[in-house]
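Given below, in the form of structure tokens, are the structures.
Note that subunit A is present in both complexes that follow, paired respectively with subunit B and with subunit C.
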Partner chain A sequence: MMIDPLTLSIFVPLFGAILTFVFPRVATVSALLAVLGTCGAVFVLALKILAAGEVLVPLGGWAPPLGITLRADGLSVAMLAMTALVGLLVSLGALESLRDLRQRQYFWPLWLLLLTGMNGVYLSTDLFNLYVMIEVIALGAVGLTVLSGTREAVRAGLEYMYASILGALLFLMGVGFIYLQIGRLDFAGLIAAEASGATSAALALMVVGLLLKTALFPLHFWLPAAHANATAPASALLSGLVVKAALYIFLRLSTYMPLPDETLVTLIGALGAGAVLWGGVQALRTERLKLLVAWSTVVQIGLIFIAFARAGQAGLTESWKAAAVLILAHGMAKAAMFLAAGRIKDEVGHDRIADLDKSEIRPTLAQFTFAIAAISLIGLPPSLGFIGKWSLMEGAMAAGYWHWVAVTMIGTLMSVAYFSRVFAGFLRFDRMRGELSEHKGWALADVAPLTLAAAAISLGLMAAPILSFIELGYPFGAAP
Partner chain B sequence: MTETPFLPLFILLTSLLASPILFALPESAARLRTGINLGVAALKVALVAWLGWKVSQGVIYDVSFTMLPGLEFKLQADPLAILFISLSAILWLITTVYSVGYLERGPHRARFFGFFSLCVAATVGIAMAGNLFTFLIFYELLTLATYPLVIHRGTAEALRAGRIYLIYTLAGGLVLLLGTLALWVLAGTTDFSPGGVLDQVVTENRLAAQMLFVVLVGAVGVKAALVPFHAWLPIAMVAPAPVSALLHAVAVVKAGAFGIMRVVYEVFGIETAQALGMTAPLAAMAAITILYGSLKAITQDDIKKRLAYSTVSQVSYITLGVALASPIAAIGALAHLIHQGLMKITMFMAAGNLAEGLGVKKVSQMDGVGRAMPGTMLAFSTAALAMIGLPPLAGFVSKWYLAQGGLDAGAGWVIALLLGSSLLNALYFLPMLHRAWFRDGKEQDGDAPAKQRIGWMLAAPPITTALMVLAVGGFANAPFSPLEWTRFVVAIEYQE
Partner chain C sequence: MTPDLIYGLTGIAVFAIGLVGALCAQDRLRRVLALKLCSVGAGFLLVVGAWRTPSAAPDPVPHALVITGIVVMVSATAVALALIRRLKSLEAEDDD
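Our next item is the complex of A and B:
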């Protein structure tokens, strides 16, 4: 009973986390094995989904509402697969970049805890379980934020922790209201329940909590500092994966408890537009490379919410696909970009954008990776980011919502502007004080981000199979 | 008759796959890099020749796979595509030789040739794109591949130029994305098809179709350097000479002009575009660009800038020929796509040689350069005279057909425009020739840069292309000349 891939994809990383914490000497090996094991479980699960559409596993044999059921469909497996792929490559990239013993000792258990929580979110079918999982994630994520031990990182980590706790509390209050109101917390129960003023209030609490956790403008205040000051692998995980958990719950929740009216959908989109514009302005102004990358996350989160709202309430049954594609694309591209930015910072010795071109050392491969990841984030063809942006604009245009098209286009132009600030630093050569150092050739730590960035680009060519995969099991079409 | 579709794919992949190999080669592996470059370029010319032969026999190639529901990534090898890829394959080979000579000891050669190769792959993709969606993909790839070439020197000036270039072309690309989406939403297809795909939309919503025309033509007009979207082209002159040569003759501006053809002929269809009342404004825009570019060229002292404004003017001949909506003018436009490429690449390579060999970068320094570099200047002079339109050189042939087309379309002003433009061409080219051949060079001062030998890899390419300028004009009616192929294409686009 325990050996099904759903359970495994939660418990393998959990046992890995415990193992790496108790036996730090073998932490690296056991962590890699745990991540590989998770990848294997997700792969088997993907095959099952391809055959069956959806897979349900009642834990301990108890059916809801009494027991807990795990459920996988196309969307959740796509998220699991993205998490596993990004996780594996970030783990490989982390092998070289974790500096001291303390970082190594704590990185692996925290990261595996995080993976447990992420996988748990993607497979849960009831609200309380989701609450537990986002707390598990928060535990791992806050730990990863402060791992570098610098003063800025600790301060940012604290701020992140307060935001995270507040978000979780709001979510928990919402969950409590729901339980008082309808007496059930499983998704099937939510669908069956009648909407009332009280459930709407509960939904509002939960949504605000989730938006705080996913850092949608104007609740993004904690994100840039937290993501920019962590060590590179931690930043990659936080930006590429962690913010997606709350985003995913929001997407799911919007099906089981539909947003009560059109204005709210528009409001969500408007907040997304605010994120795109404000984040873009900040990215144009910031002086640090990693902060720029972090602000780009704020922008991309906003874009995903615009995708969600692109065609209003009536279009939600299709719009989630555009949002999902953008989530997948951002996960890979942003993880690649943070790893590459970390490599650049390590090689050059600083990450001040204005002084990048003064360096005689040019980590060419990391810079190339950064540029490729930027192509997907800007949304240029044929990347997966382009497919997401195409779907967003197509739906908005077909529904006649031209304002979303306009915001997306402005956001794209702004992203070109702020990323080309960085390219100028890579490609200018007349401010160096000495001779250009000889290109050092390949470094193992460059392979992981380059693979991720290449995946973000080339998966765009496979958009049709990806789109039909995430629809398996009707995540948003029919009731489960 | 349909054959296995791999030939167009091979032609695309030759340069696409060469690119990562070239990136990965160490700077010091110069011989291997040159070998790969020339080998792939030669292979591509051979493959294109074979493809052209097959297509002239009536074989239809069609490669496609589904990228999004209902939307395909599609390559096709229609005669119009053959016209453009022949140009790019042949000129790529020649420019590769030239670049190897030009950058022999410079830095960042691995990066340069990697992007150079990618750039040609993008051009080939643009040529063979079977629908607007695929066209868009390669159109953006072309921008991304040319940006590192434009800023190759890595100076502050180069980066400033690069930023302007990137903003113009990516903004154009974004508008093209908007237009492609709108086409997809309105018509439910983005396929290129002679006669157009929009007939139903036009009857239902004429205004939307007109706006779509403005958006699409405006978007590709950025790369075609139509006034007022031309400002990036003269600024992008900071690029190394082979890059300018390629940008002006084959890649970027031609991609724009080619895009205008695809949009007018195969998205709207020439009759529909005419019925929408959109061809006349386009012709007016082209006419303004032709005059404006020539007028600006006269005032430039920098040789490359003068040539750049000349490109702004000359490329709009193509747009003009399309917009006149007459099959005869269309022949002129298509022929000019080839002819202008040959002429302009000759001049840019010659200008590069002057800068390399004599340090001459300005028109005012050109006194007596004809005697110093006779081969290069003979090539330059041939191309300049052809550009002015001296019969029977290449430029004359295109102007002749454009003028005839103007009469055919009942637009007599075209004759006046062409005469005026030729006069302006003469005004900015003849003084250069006069200085080069009929004035004595100043005595070399001690501090003047000494004359350097430039080597055959720089000397031969412009002479080769100059001979081609002579050939395409002199043998314009021979089978398989660009002009003959052009007639074949026009018969298809006008569905005769």
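Our next item is the complex of A and C:
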């Protein structure tokens, strides 16, 4: 019997994680093979989706409500593909940047465990399964946060752990309410169920849990320290991929259990606006490069929620696409930016923004990568970030919700301002204390972030095929 | 009041107590214990879902869910405790 690519994309990284943990000597090789295998499985799955629209696999032949079904459609495969691409390039970047033996030994199993959980989230159709997967992600993500072993990293990791467990338990409590009320936990059962007080309470609990995990303002308190103090490849994975899992579950839930009224949709958008403004102010104030990049993640998460709320409840059948494009764009651009920031920190020796222009060492390629990634995050054409922001504003204007356009514009201006603080440090040469060292700081490690940043820009040119791909299999239930 | 309602409300109350603790406690260990309390509350609620009229056999699915939840929570607690210990020793090193 041929094993299907859905099962493979969960089990290949899982077995990879076990192998790399048990046999640390061959960890690097087996980890790269596992990531490549996952990429292959996702590619085969994407071809299947192009042909069939959606793929369903009842695990072990058990049908729901008793069994668990894996389901792939355009949106989930787009998320899987983004995860696989970012994962592969971050893994290649990690080959160079993880020099410490201990870090190397634990990075691979933790990262592959994380990949298992991420792929599991994108393919699950069952609430309890999602709970287990977000816990798997949390264990991997906290491990990666504390990998550097410094006091700040461990402190931030513990804070992250508390937030993560609490978010997952709120979600679990919501799952309990659903089971009491409906007696089923699969998505098909949720769609069939009638809305009641108990399901609204369940939805509220699950949404708060997910917002805590995805770090939407004002529940973002754990994110900046955790993402800024991790080692560069870990930061790239945490910021580029991990926060997207809870966001994705939120998007899915909002179809299967629609938010009961307009006020809640507006509230979600208002929290997003808070994130854009507060995150922007903090990014303008921060003194360290990696912290600035972490605050920019808070801003981008807010932007994704504004995209979700851009046209109110009536527009949700279209708005999710803007949110999905922003998720994909941010995943690639932010991973590239964190890797580049890590390279700059390694070469220059520090990451104080104010002293970047005093350095005689200019890691040119890493600085260039940082700038291209910033283009996508700011949302300049032709990047994928631009497409996402454009469809956000287009939908908001069409619905007459000009306040979302205004917030997005302010956020864009602020992002230009805080990234310019960094560019000024890259481009000023009059405050150096010695001679400029020519051609210093080019390395093989620059290839991975540069490729990611280039992908974030150039995929904007393929926006039409991407938009029609994520609609395959009707993720948002508008089947004819 | 039916027994399942009493158990259900107890589960919610235990969860709420844990939630307050997780948000307000200062001590690191206390916060872990508060989170454990939350998980017990959530588990309680799921077990109530298994309850049917006294004559019928209970629904096995919630039991399976609770067992999985316990396993997940044990590993999460272990990680949190390990982090607390590491942080304590790092802080002790810095004080010297």
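In this section, the second predicted complex is superposed on the first by the 472 of 480 C-alpha atoms of A that agree within 3 Å, B and C clash if a C-alpha of one lies under 4 Å from a C-alpha of the other, contacts with A are read in each partner's own complex, and residues count from 1 in each chain.
Just so we're on the same page, a contact is a pair of C-beta atoms (placed from the backbone, for glycine too) under 8 Å apart; a residue touches a chain by one contact, two chains touch by 3 or more.
Quantities reported herein were computed from a predicted structural model and do not represent experimental measurements.
Peer 1: Give one of first, second, both or neither to describe whether A:166 is in contact with subunit B, with subunit C, with both, or with none.
Peer 2: second
Peer 1: For A:128 in the superposed arrangement: first (subunit B), second (subunit C), both or neither?
Peer 2: A:128: touches subunit C, not subunit B.
Peer 1: Looking at A:176 after the superposition, I want to know if it touches subunit B, subunit C, both of them or none. Which is it: first, second, both, neither?
Peer 2: It touches subunit C, and subunit B stays clear.
Peer 1: With both complexes overlaid on chain A, does A:393 touch subunit B (first), subunit C (second), both or neither?
Peer 2: So A:393 only meets subunit B here.
Peer 1: Of the two partner chains, subunit B (first) and subunit C (second), which one does A:51 touch, if any: first, second, both, or neither?
Peer 2: A:51: touches no partner chain.
Peer 1: Given the complex with subunit A, which residues does subunit C contribute to the contact?
Peer 2: Per the stated touch rule, the residues are 8, 11, 15, 18-19, 22, 28, 31-32, 35, 38-39, 41-42, 45-46, 48-49, 59, 61-62, 65, 68-69, 72-73, 75-76, 79-80, 83-84, 86-87, 90-91, 94.
Peer 1: Along subunit B, where are the residues that touch subunit A in the complex?
Peer 2: Counting only subunit B, the residues touching subunit A are 23, 26-27, 66-69, 73, 107, 111, 136-137, 140-141, 144, 147-148, 151, 153-156, 159, 162-163, 166-167, 170-171, 173-174, 177-178, 181-182, 184-185.
Peer 1: Can you list the subunit A residues touching subunit C in their complex?
Peer 2: 66, 128, 131-132, 135, 138-139, 142-143, 146, 150-151, 154-155, 157-158, 161-162, 165-166, 168-169, 172-173, 175-177, 179-180, 183
Peer 1: Using the touch definition up top, name the residues of subunit A that touch subunit B in the complex.
Peer 2: Residues 364, 368, 375, 380-382, 387, 390-391, 393-394, 397-398, 405, 409, 412-413, 416-417, 420, 423-424, 427-430, 436, 439, 441, 460-461, 463-464, 467.
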